[in-house]
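In the two assemblies presented below, chain A is common to both, partnered first by chain B and then by chain C.
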Partner chain A sequence: MPDRIALIIWVLGITADVCLIATSLVRGSFFKYFFLNFYVILAMSADLTRQYVLRTWGLNSVEYHYVYYYTDCLLTIALFVAVISLASRVFAELKLDKFVRVIAVLLLLGTAGFSYGVVAQSAQRLSTSFTNELSQNLYFVGLVLTYLLWGAVLKLHETRTRLVQMVLALGLYFSAYAGSYALVNLASKYEVVLYLGPLLGCFLPISWSLTMLRHSEDSRLTPARLVAVPR
Partner chain B sequence: MMAAFILAFSLLTLLMFFVSYCRSLTAASMHKALSEEVLDVTGIQARASGRDFVRVMQLLQLCPDRTEDRSGLQIVGTYYAFLNLLDQSIAKLSPAVHTWAEEERAGCAHFAAVALGRRIALNREMLAQQAEL
Partner chain C sequence: MSRKLGVLVLAMGILVGAMGLKTIVGANAKTPVMMANGCSPVPPPLPPDPKNPPK
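Take a look at the complex of A and B:
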């Protein structure tokens, strides 16, 4: 990726992250949506750390390799926790939030165990291989959970505008990211597809900040209008 | 092969989430009634129809901008363009899709009309403040 375009996307990403944190603080929603903010703070720290290591040691260095995979793993875990925090909010009215959290911990441990099992069979047994495997598997689990969460939002006739739009933004992000990943595999010779992933990283904080700006916590919508094709 | 399948599946889910996201934006304004002023200015009868959207957007450009509305209007504008595309292609083969697209476009027009109402109110406030000075 040319340096200048990558840098522009990087600055855009950091600005979007700062925007979300500022909006949550101004709107008094920082602790209400703590895990979403925590994910964004972590993403911002990871971006800064990666940029520092990249400038100091270079793209092909072992240091950058380690930092990239470890921060990626941490970010995926934080995103997983953010999805679970939204799920426990959706299920809170049914008093199932504790159950959701227990399931989430079991899922996390199960995914970690599965990833370890896969890596343990390989000859190298590197810790970076484990983090890479865990990131990929947890990302897939997060994607499936988001689709299930959207199903639950529709089934439970969720009316909280903020919550609904945050879940939808996550769904859009996961779908677009999976699509861009497939595109990179299909058409890596086109340079433009390499920008899609980093650009999509800016989407989540931007859409979450717009949701916080536009709607208050009390804002409600008609659940029947949410289904793409009404029955 | 697998990558092509993932791409097709993710495009489908992306479309589904995009439609739902846009519907969540328009749904938030559905319960807001249009003021007499907006009905007068736009010529909307009791309920907005899909065709009103373009006119309302033109009127919106004549009013002072509200930064809070800008992104929402852009997204709904994209959704409206998508619905037009749908109406000119698949909807010609299926009347049910045509009816659905028309209802959605009416929702977009209502969303824009509600934003117009807010801008008119802002305009009045600004005029009142100037008069006080």
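Take a look at the complex of A and C:
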């Protein structure tokens, strides 16, 4: 991957991260959406660390490989917690937020146990295989949870604009990643597909920043209108 | 009791659905690891460890 394009994408991502944190602080929503902001802070720290390791040891080095996938695992766990925090907010009015947290813990333990079961047979690089497997599995759990959450948003006629748009952004992000993964496998000979992953990494902070900027906590909309099928 | 069971069944259902989806998406995958987060370039796969080759 040419250095210049990768660097432009990296700068765009870091700027988007800073934008979201600044917007949250200015609009007084930092603690209201703490886990979303925590994920973005962690993503920014991970990207700064990765850039340092990339500059010092290079893209093909073992050091960059380990730093990338260990931080990726941490970020996936943080994103999972962010999805759960949004689910807690959606179900809080039904007093089901406690159950959402119990399900989250069960899912995290279940995914970790399943991942360990898969990699336990492998003798080489057990901890690396485990983090890779956990990261992938948790990513798919997050994907399913986000779709369930969007279903709940429609069913419960959730009207809080910020919440609806944040869930939608998460759904788009997860779906786009699954699509880019398929594209990387289908067309791996084209170098341009290698930019998709890092570019998509900028999507969440940009969309959440726009949501924070454009809508206040009191803004309301009707997500039921988004469903095309008339009843 | 039934409520606890319901929570457990829901968690298991989500886990099974997620793993099923992963199997479908990665059925013909050539790259073993999915890049998931951040805007840094994705590293290429590591060559096999000569001290500990895969069986």
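The rule is short, and it goes like this: the second predicted complex is superposed on the first by the 226 of 231 C-alpha atoms of A that agree within 3 Å, B and C clash if a C-alpha of one lies under 4 Å from a C-alpha of the other, contacts with A are read in each partner's own complex, and residues count from 1 in each chain.
Keep this in mind: contacts are C-beta pairs under 8 Å (C-beta built on N, C-alpha and C of every residue); 3 or more make two chains touch, one makes a residue touch a chain.
No experiment lies behind these values; they were computed from the predicted model shown.
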{"item": "First, second, both or neither for A:L213, with chain B first and chain C second", "value": "first"}
{"item": "Which superposed partner A:G171 touches (first chain B, second chain C, both, neither)", "value": "first"}
{"item": "Touched partner set for A:T161, first chain B, second chain C, both or neither", "value": "first"}
{"item": "Touched partner set for A:A92, first chain B, second chain C, both or neither", "value": "neither"}
{"item": "Partner chain in contact with A:D72 - chain B first, chain C second, else both or neither", "value": "second"}
{"item": "Which of chain B and chain C A:T222 touches, first, second, both or neither", "value": "first"}
{"item": "Touch count on chain A, higher of chain B and chain C", "value": "C"}
{"item": "Touching partner for A:A120 - first (chain B), second (chain C), both, neither", "value": "neither"}
{"item": "First (chain B), second (chain C), both or neither touched by A:Y181", "value": "both"}
{"item": "Touching both chain C and chain B, counted on chain A across the two superposed complexes", "value": "178, 181-182, 185"}
{"item": "Residue ranges of chain B in contact with chain A within the complex", "value": "3-4, 6-7, 9-11, 13-14, 16-21, 23-28, 30-31, 68, 71-72, 100, 107"}
{"item": "Residues on chain A engaged by chain C in the complex (per definition of touch)", "value": "1, 6, 9-10, 12-14, 43, 46-47, 50-51, 54, 59-60, 62, 64-65, 68-69, 71-72, 75-76, 79, 99, 102-103, 106-107, 110-111, 114, 122-125, 132, 135-137, 139-141, 143-145, 148, 177-178, 181-182, 184-185, 188, 194, 197-199, 201-202"}
{"item": "Interface residues, chain C side, partner chain A - complex", "value": "7-8, 10-12, 14-15, 17-19, 21-22, 25-26, 28-44, 46, 48-49, 52-55"}
{"item": "Chain A to chain B touching residues, read off their complex", "value": "147, 150, 161, 164-165, 168-169, 171-172, 175-176, 178-179, 181-183, 185-186, 210, 213-215, 219, 221-222, 225-229"}
